[in-house]
């Protein structure tokens, strides 16, 4: 099952823009001879991962074909029954999926833009940059629970900051019940998520930007290229690996924004804020281990598919110039 | 000029957006609950360290702090070490085996924790690793590994191949090359990964809650939970706990920032 | 397919350790089934008899979710240790959300919770099914409880657990405000309840502070709204079994009454979490806090000085009224079948059930209890003790054993307050319930 994901990761990243015209695949083949000892390097990681992660996961896979409740000694095999029910007869799952897609789309697009913008503004190692980087990164170090509590405070319709500010500047007509508004709630959660994690992604972009050779910009400067031209011609293609990491990681994070949702909406979450990971959680809490395990598998497949699709899109815009 | 103006405006606005909620937490930690609700966004009427006193004198908080430092530092170091070994190998091993290992390890990020919780609990129980800090380190490494391999692998593939090819021509084995060429050149991405791992592992609540039962082995997030009740939440105390728990992270971040400077020189090798 | 037998566990563990040492664990680990991790007898109903007079010694772990009771319990347990110098008690506290999802697995392993608790409803049912509760029938400890209040701890006639707390899931009232609008007794019928709300609005205050943003806390109101409307007392169980539906007349009537209450909640009620609702009430801006008696402590901590009472909405006329309020018995104590210190756990249960300890707990945590002969010194407890003898219904929402069905029914009520028509909300809820029942 994992094999479906790899080719994309590697070909893209191997095509390091720094290598001029050498394409990833050809380069690899030329470097085909590596020291045999290199194959021992992943062993510690694989050993611990297989025992403590892959095997439990395989068990979950096994249970996805059963109606196990999570504690009884007995259960029945239901074959693909769980999957059939999820895909054809579960409005709650589909509701969570829809919410999750909206949430992901908003977070991935805006958080990535913010993170990249901040990284570009703060890439130089001046004192001011260092301080601001520290500030922007700070929300990330808070636990999800505390972030959720803080924002619940901001969104509260009666005591909260958001409505108070609107009233203060005379925009009473825009005050709202925020998380209580079923069509908008998931977007308010997305704003919190971006506040929470944009700084974290900024760090990756800074690491990416700092490995772009300064000479490239100097040459472009001499050629009279403006800032925007420099960005499209040098920065964007050169930070392809960082972008790939940020987009994929943000996607996965937005599928797993479980603590934040439970913190903001209470447990169980309202339908308007239910996403896949909270739906799966409710399944486990509801003693439907087998069914929730099946939901988890679909969840994994879905993330993999979304991440692969994103790779296609990014690759298209970040071709070597 | 226009760039600098835009830069200033954008950074200022963003700084305000970040600061305001943080200020609520920070000032909130000096308030009483009624005061917090009365003026959540105002300055505290007086600087009282009562909340800090309560939190810090909470039994076992210093022990919990020590546990958190021990567990997080060992987990991060171990994850970085075995993760970077694996990432390096996946970046270098040609053809499908490299992709396979990479994909297999990275796929772990997509698995919801709840799906694994029951089987993992049973496994740790059988191995006698419940209620043990070593057990926590193991589970932290397992959870952090996919993230580490993902970020490090992505960056290591972009390292100029000339560097390690030259090294192996000099007769250095892969371990030497890894240690003296790859790791130093990967400082920015190692720092970024370390920060990610610190954040994930320092704040992890799910596994400590599941695995740990003795007070003497609790970590900070677990100890802070004592402030939350089912029907009653003391926000000021909670905020105080948040401030105390997040300070070490902030310090770690400042310390690791230094390595971003190294990034510029590493990048220059390519040029 | 059946669970693997436990006979091979020891060898498997040895093999695992050997393989783990050599880093090649893949295959054997696959055999470590989740079920085989637990101690105790699974599937069975707590078969063996309890050792009623074993030595009381060693550490006794008490697993529960009441972090706010920790200090009071600690003091009580210190007294227990004085009585039994060889024994000590440790509390294993998880927040209620996590307790709901993890407790069963952790307690079953025997690592924690020699004495443990369960929520009334799905959790208690599951824990009994998993064989966690030792049979307490016939032990002397049962006799210390009010027999009328402990049947929620029974399953098929066997007393597995003893519910400890007795709470009232009905609106808490600010008696000063109610008095100022001329209300001195809980409104006896729907019209007088609405009239009371109208008068509070006229006085410039909010009649009801309701946490409509959190389905778990918002749902307490559901109990009162259906207690007199439903044709039977097991209405929620019947919704779950498919016998009743949200599209039935009685449910639609209930939803229509939620719609009638719309002007009496605080503004944007569907976006309000529980803490701001408590604050609104505590600072004297709202006449009712629409959750339950268990929030009185929180309101006091927020600085409320006024006297409190309770005023549940009765949704019918006085002569159609069956119940005047809602009670719930929860925090169902039990001795763990997987524990290796059952004698200690049982003695601790005995200790908690004694009048003296129970009174300390009740007054220290401001909760009524199911233990007989408890003295309620606490002012708020004393002031609300008259509810102990009133005609109350055991909170029906906990009859639901399926969380999704419960949420669907309760979400429909929130949706109506948010502006949906009763019919529309009922359709939506019943659609989800039908899917759940069909599965």
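All chains are identified by letter, namely A, B and C, in their written order; residue positions are counted from 1 within each chain.
Rule of thumb we're sticking to: a contact is a pair of C-beta atoms (placed from the backbone, for glycine too) under 8 Å apart; a residue touches a chain by one contact, two chains touch by 3 or more.
Molecules present, by chain and UniProt name: A = Carbohydrate ABC transporter membrane protein 1 (CUT1 family); B = Carbohydrate ABC transporter membrane protein 2 (CUT1 family); C = Carbohydrate ABC transporter substrate-binding protein (CUT1 family).
All of these numbers come straight from a predicted model, not from anything done at the bench.
Q: So what shape is it, when you link every pair of chains that touch: line, ring, star, complete or other?
A: complete
Q: Have a look at A-B versus B-C and report the one with more C-beta pairs in contact.
A: A-B
Q: Compare the CA centroid of chain B with every other chain's and tell me the farthest one.
A: It is C.
Q: How far is the middle of chain B from the middle of chain C, if each middle is the mean of its Cα atoms, in Å?
A: Chain centres of chain B and chain C, defined by C-alpha means, are spaced 36 Å apart.
Q: Would you kindly tell me how far, in whole Å, the mean C-alpha position of chain B lies from that of chain A?
A: Each chain reduced to its C-alpha mean, chain A and chain B end up 16 Å apart.
Q: Hunt down the residues of chain A that sit against at least two other chains at once, touch-wise.
A: As it turns out, chain A has residues touching two or more other chains at 44, 51, 54-55, 59, 70, 159-160, 281, 284.
Q: When you check chain C against every other chain, which residues touch at least two of them?
A: Answer for chain C, listing residues that touch two or more other chains: 20, 29, 32-35, 38, 101, 105, 275-276, 279.
Q: Indicate the residues of chain B shared as contacts by at least two other chains.
A: In chain B, the residues touching two or more other chains are 37, 114, 117-119, 123, 233, 235.
Q: Enumerate the contact residues on chain A facing chain C in the complex.
A: 43-44, 47, 50-51, 54-55, 58-59, 63, 66, 69-77, 85, 89-92, 152, 155-160, 176-182, 262, 265-271, 281-282, 284-287
Q: Considering only the defined contacts, which chain C positions touch chain B in the complex?
A: Within the complex, chain C touches chain B at residues 9, 12-13, 16-17, 20, 29, 32-38, 61, 65-70, 90, 92-96, 98, 101-102, 105-106, 109, 111-112, 275-276, 279, 282-283, 294-295, 297-298, 301-303.
Q: Taking the touch rule as given, give the residues of chain B at its contact with chain C in the complex, in rising order.
A: It is residues 33-34, 37-38, 114, 117-119, 121-123, 125-127, 130-131, 209-210, 213-215, 225-235 of chain B that touch chain C.
Q: Hey, which residues of chain A end up touching chain B in the complex?
A: Those in contact with chain B are residues 1-7, 9-10, 13-14, 16, 18-19, 27-29, 31-32, 34-35, 37-39, 41-42, 44-46, 48-49, 51-57, 59-60, 70, 114, 117-118, 121-122, 125, 130, 132-146, 149-151, 153-154, 159-161, 164, 195, 199-200, 203-204, 206-208, 210-216, 227, 241-242, 244-245, 248-249, 252, 255-256, 258-259, 277, 280-281, 284, 289, 292-293, 296, 299-300, 303-304.
Q: In the complex formed with chain A, which residues of chain B make contact?
A: For chain B paired with chain A, touching residues are 3, 7, 10-11, 14-15, 17-22, 24-25, 37, 40-41, 82-83, 85-86, 88-112, 114-120, 123, 138-139, 141-142, 145-147, 149-151, 153-155, 157-161, 165, 168, 173-175, 178, 188-189, 191-192, 195-196, 199, 202-203, 205, 221, 233, 235, 238-239, 242, 245-246, 249-250, 253-254, 257, 260-261, 263-264, 266-268, 270-271.
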